[in-house]
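Here is the structure we will look at, set down as structure tokens.
Each chain gets a letter, A, B, C and D, in the order it is written, and its residues are counted from 1.
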Amino acid sequence: MAATSGLATIPVAASGTNWRRIGVAVAIAAALVLPWLVSDYRVFQFTLAGSYAVALLGLNLLTGYNGQISLGHGAFFAIGGYTAAILMHRLGVPYYLTILPAGAAAFIVGVLFGLPALRLENLYLALVTLSMAVATPQFLKYFDHWTGGSQGIVLRKPAAPTWLPIGNDKWLYYQMLVVLLIVFWAGSNLLAGRTGRALVALRDHPISATVMGINPVFYKTCAFGVSAMFTGIAGAMAAIATGFVAPDSFNVFLSISFLVGSVVGGIATVAGAVFGGFFIQFIPNLANDISDAAPWAIYGLFLLAFMYAMPTGIAGFIRTMAVRYAPKFRTAVGEQPTSQPGSHS
Amino acid sequence: MTQLTQQILSGVATGAIYASLALALVMIHQATESVNFAQGEMAMFSTYIAWSLVQVGTPFWIAFVLTVVISFIGGVLIERIIVRPVENAPVLSHVIVFIGLLVIFSAVAGWIFTYTVKQFPSPFPTKPLLGGAVTGHDLGVIGVTFVMLILLFLFFRFTPLGLAMRAAAQNPESARLVGIRVGWMLAIGWGLAAAVGAVAGIMVAPILFLDPHMMSGVLLYAFAAALLGGISSPGGAVLGGLIVGVLENLVGTYLIASELKLTMALALIIIVLVVKPSGLFGAHAVKRV
Amino acid sequence: MTLNRRTLMIAASLTAAAFVAAPANAQKQYGPGASDKEIKIGNINPYSGPASAYGTIGKAIGAYFDKINDEGGINGRKIKYITLDDGYSPPKAVEQARRLVEAEQVLLLFQSLGTPSNTAIQAYMNEKKVPQLFVATGATKWNDPKNFPWTMGWQPNYQTEARIYAKHILQNVKDPKIAVLFQNDDYGKDYLDGLKEGLGAQASKLIVAMKSYETSDPTVDSQVVALMNSGANVFINITTPKFASQAIRKVHDLGWKPAHYLNNVSASVSTVLKPAGLEKATGIITSSYHMDPTDPQWQSGKAYQDWLAWMKKYYSAGDVASTFNVYGYSVAQTLVQVLKQCGDNLTRENVMRQAANLKNFQVPMLLPGISITTGPDDFAPIEQMRLQKFDGNIWVLFGEVLSPEGS
Amino acid sequence: MAGALLEVEGLRAAYGPSQVLHGIDFAVEEGGITALLGANGAGKTTTLRAVCGMVDRSGSIRFGGQPIEKDSTESIVGLGVAHVPEGRGTFVKLSVEENLRIGAYGRRARDGVAADMERMYQHFPKLAERRTQQAGTLSGGEQQMLAIARALMLRPRLLVLDEPSFGLGPLIVASIFEIMGAVRRDDRVSILLVEQNAALALELADRAYLIETGRVVMSGSAKDFRDNEQVRRSYLGY
């Protein structure tokens, strides 16, 4: 791959917030109703998709908004998952108290990792992050005293409180949804404000941004840390929902799936993270339903098809369509390259 | 012979494997300014073509030449048919297309040829030499790798096509203005990279044995080797490959548990790159404002 | 990754007709997924991802069920086989297990593959009381009827096999100094544990060197060089086929002449020994429980001929050199036997009861003398193995049928 | 005059939905120098890009009597049109010498490349000093010289120059224009020039066209332009 600075800047609804608000409201309403319309097994799938969406928001922040490519976000997902698992399994911490420490652990590792990464661009960063993805399972196996080695850690799945007759899957789903909404709210505020503008400026015009007084070390490291934190939170949620962590849960392909999800969903958009989460959760199943002889071949064809049809991702595609067919939306489109949640309306 | 010598020699032999695929990465990077993550899987697929030809009784070197030619044509077609539609899409979309190609080649190879490990013939004497640290085939691989290196060096340095290819990759618009058909340069670049990859695959298959995952482990090492040596330099890539091979053996034998040898080797490479971002032998990269 | 690569065979041999198992009452009873017409069986295999080599087992099983259905099914019921891909990822395995149990409503989950994936779904399956039958992994933990009454393994476990080697070394090698090459995952670690256990108190003294490799490593040459330099006279080769070939070749090329024990996973003549060079493999010892379809000594026998005919007719895309296809064939035969024994009582409880009621069941592609026996306290169907030594052409069986002490 | 080398009639061009050129007519005589003048955003650069097939265009473009409005950039270059784009189009990672060699890529006669390269080094001694250096390390003026030298390596019949003086000091600009004059004399190359510095351009050119918002609003000889009161006030500043 080459320069990530070549990312398309997708124009976004900056002022016309009505469409956006309606879109967000509809999406949240749909998310609230959803578990009552589908089976528990589907609810579980949506819980996973939601946690992937949170992970992708983290990756989007780094790769989309700040232009630093990562082929290794599975590592942060693993850190979050294992932090939660170790706290629950070895120290008996209740599961809902593990989410924040998981995010914090990933944040710290992300910052430490972001510092050397500052000096590396594009291909070099791709190599470093890819190495991180490859090394993750090996590390997890090596420190088997804590991680349970290749056997992993089996977790007790949280049960819904007895006074709430909704079943464990819905209970987990709603908790995931709460975390997702908080992270997305925090993420979009961050991106809509000074920080977001600084990140985009550093991506698109690194030298002039620096001249304008944007501290690249601070912001780029910060982007790495926050990105890792979101992904770590997502890892904890997925580990709790799955009830199991093992090195094989965090192989290279997970990291690559994340990048795939964030680009297919729509890089540098908040809504894209949600689409991407759905993509990496459901498309492999679809590929398997089409062919169990070579599901990966079908999956690969899906990737190509998506990139041909929507080179700027699903979110970018929807925006383009909206601009073309909804005149009101057009006036809402500014050049400001930051994005807003739910701008997929 | 001491273990140290044996480890170094065997590291050189393994390093030649990394170097041969690293050359394909240098090729594609020189031609397109991007690194094709599917390069390893394409090389693997080419090797299956060679294997199939050998199975039906084609003499080795004829199968070799045929495979290189078929791979070249295949590379050109892939660029024209699959990569071309996203030519103007953002760079990350290209990465996704590469990933798509990677999984398709991997799955299709498994589907057609099954996952059973295949034996691949060596054109060289496979006799163990120097106390078994290397074999005649290893020396053959090193020799072929150096021949490829020299050919690539001459190609980029002295042929108009090689120069045009680099120019087209760096500045497509300007390249058109000196009369270079940029689209064809990209396609030929893909073809040549596929051909170099095919040579790499055929050379390493007798050592690694042929299966659909043959190159998936090698790609990361080759990538590291190419960057360590300087991605624009074929010579650097080969040296980088040898360094990675030897370094990995020494780290795994003397420094730490072999479970972490890959991690350690990569960490060392990363430190080198942080200190010297253009690689050990790469030309100093000029940044345009 | 780990896998359970193993092969087995079983036969739907008619000796088993001895147990017409059977509910005394003629009342038909059905659990989810079973009816007068069909029996729904779920399976999870890695058709994509790093372990896709094992996907052929899932396909072979399906091909065997096709044959059973063509012949009229089991007690008149056709098998409906639903196999899903988990890409060797535990979270995906959980999701697919839930789909099979909750959406597809299968009677049982059969031969889900891989230790991590099976560990991930074990609690769920037991909580839902759905049989997780004959899992495709050689870990020891599947034989735990007290805690996990709904989970059962099938193949001999890795630790048992390692103990057999340990015992053989202690009895036959004078002053053993042992070097071990192992894959760095649960499969390799299980072997290692079994080996240490088998060597007893002296294990740490006898094992002079251990080196691991990752499946992403291109070669294991460096590890073999280091192991040789430890001065060991015994080499235990715990590797999957490609790495086994590399190690065998390297050991020979280095002029190292240890007593060489190769794990059963890689005991295939045509896919492991031949690529390495048959002459380089001469003298290697392994233990096995099933026939190697590429070993000439079996190829004229009826068991092999039947298997080959089935491969040609029902799974022509499969590789006749692959032991995985022997494994899938044999394990499918075991399940068919269990379902036959169930008669008209196709409830999940009865499936487990019958799975734990196999008595000396003969499977054609298992080695002579090896059969399958289970009981309410014995959830380890195959426990016997036989040692064999490669003579440069075939595996030559020697010694008794071995079973783990204490079972 | 032997008839026009380049004749453009009714040239229209657009970037996506926005029309930039609304029908432009102009010509470059064989061996002549034509300057296109106009304010920023008038469409001068677009005109050059349209001639070379780098934007969607319609209208009639004839080069040496042959219609080229449907041809690709590469074919037009092959006919002998060398375009030095805005920003110089240097191949920054190639050496100076490689930049010159690549300039000869599109030419039909393969012989004499080495000799031409030597000639370029005589024209631009600075480049000779730096022949093995990466082109990206050159100063702005040196890069402009390199760009012109690279274009001349094509042995073009028409040299298209877009803002050769942009961002350069007066001394360097003067020397570049001097060299261009020499090139035209010695090599009988025709030149199509877009230049902000109208005074300089009119000194060199024989004909000029004034473009405003995508249309030619005035044309004539360079002398006519220099003598025109309005042009003088708006563009020449005296």
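We take it that a contact is a pair of C-beta atoms (placed from the backbone, for glycine too) under 8 Å apart; a residue touches a chain by one contact, two chains touch by 3 or more.
These figures come from a predicted structure and were not determined experimentally.
Path length between chain B and chain D in the touching-chain graph (shortest route): 1.
Using the mean of the Cα atoms as each chain's centre, the chain most removed from chain D is C. Chain nearest the geometric middle of the protein is B, using mean C-alpha positions.
Centre to centre, using the average C-alpha position, chain B and chain C are separated by 36 Å.
Look at where the CA atoms of chain A average out and do the same for chain D: the two points lie 50 Å apart.
One finds 32 Å separating the Cα centroids of chain A and chain B.
Centres computed as Cα averages put chain C at a distance of 75 Å from chain D. Of all residues in chain A, those touching 2 or more other chains are 134, 138, 141, 293-296, 299, listed in ascending order. Annotation for chain D: no residues touch 2 or more other chains. Shown for chain C are the residues that touch two or more other chains, namely 48, 50, 52, 184, 214, 216, 317. Chain pairs that touch one another, listed by label: A-B, A-C, B-C, B-D. By the touch criterion stated above, chain B contacts chain D in their complex at residues 160, 163-164, 166-167, 170-171, 173-181, 232, 283-286, 288.
Residues 3, 6-7, 10-11, 13-14, 17-18, 103, 106-107, 110, 114-119, 128, 131-133, 135, 204, 207-209, 211-213, 216-218, 220-221, 248-249, 252-253, 257-259, 262 of chain B are the ones touching chain C in the complex. Every residue of chain C that touches chain B in the complex is listed here, in rising order: 48, 50, 52-53, 55-56, 184, 211-219, 221-223, 225-226, 229, 241-242, 245-246, 250, 252-256, 271-272, 274-275, 317-319, 321-322.
On the chain B side of its complex with chain A, the touching residues are 33-35, 37, 82, 85-86, 88-104, 106-108, 110-111, 220, 223-224, 227, 231, 257, 259-260, 262-263, 266, 269-270, 273-274, 277, 289.
Touching chain C in their complex are the following residues of chain A: 39-41, 44-45, 48, 134, 138, 141, 149-152, 154, 157, 238, 242-249, 251, 253-254, 284, 287-288, 292-296, 299.
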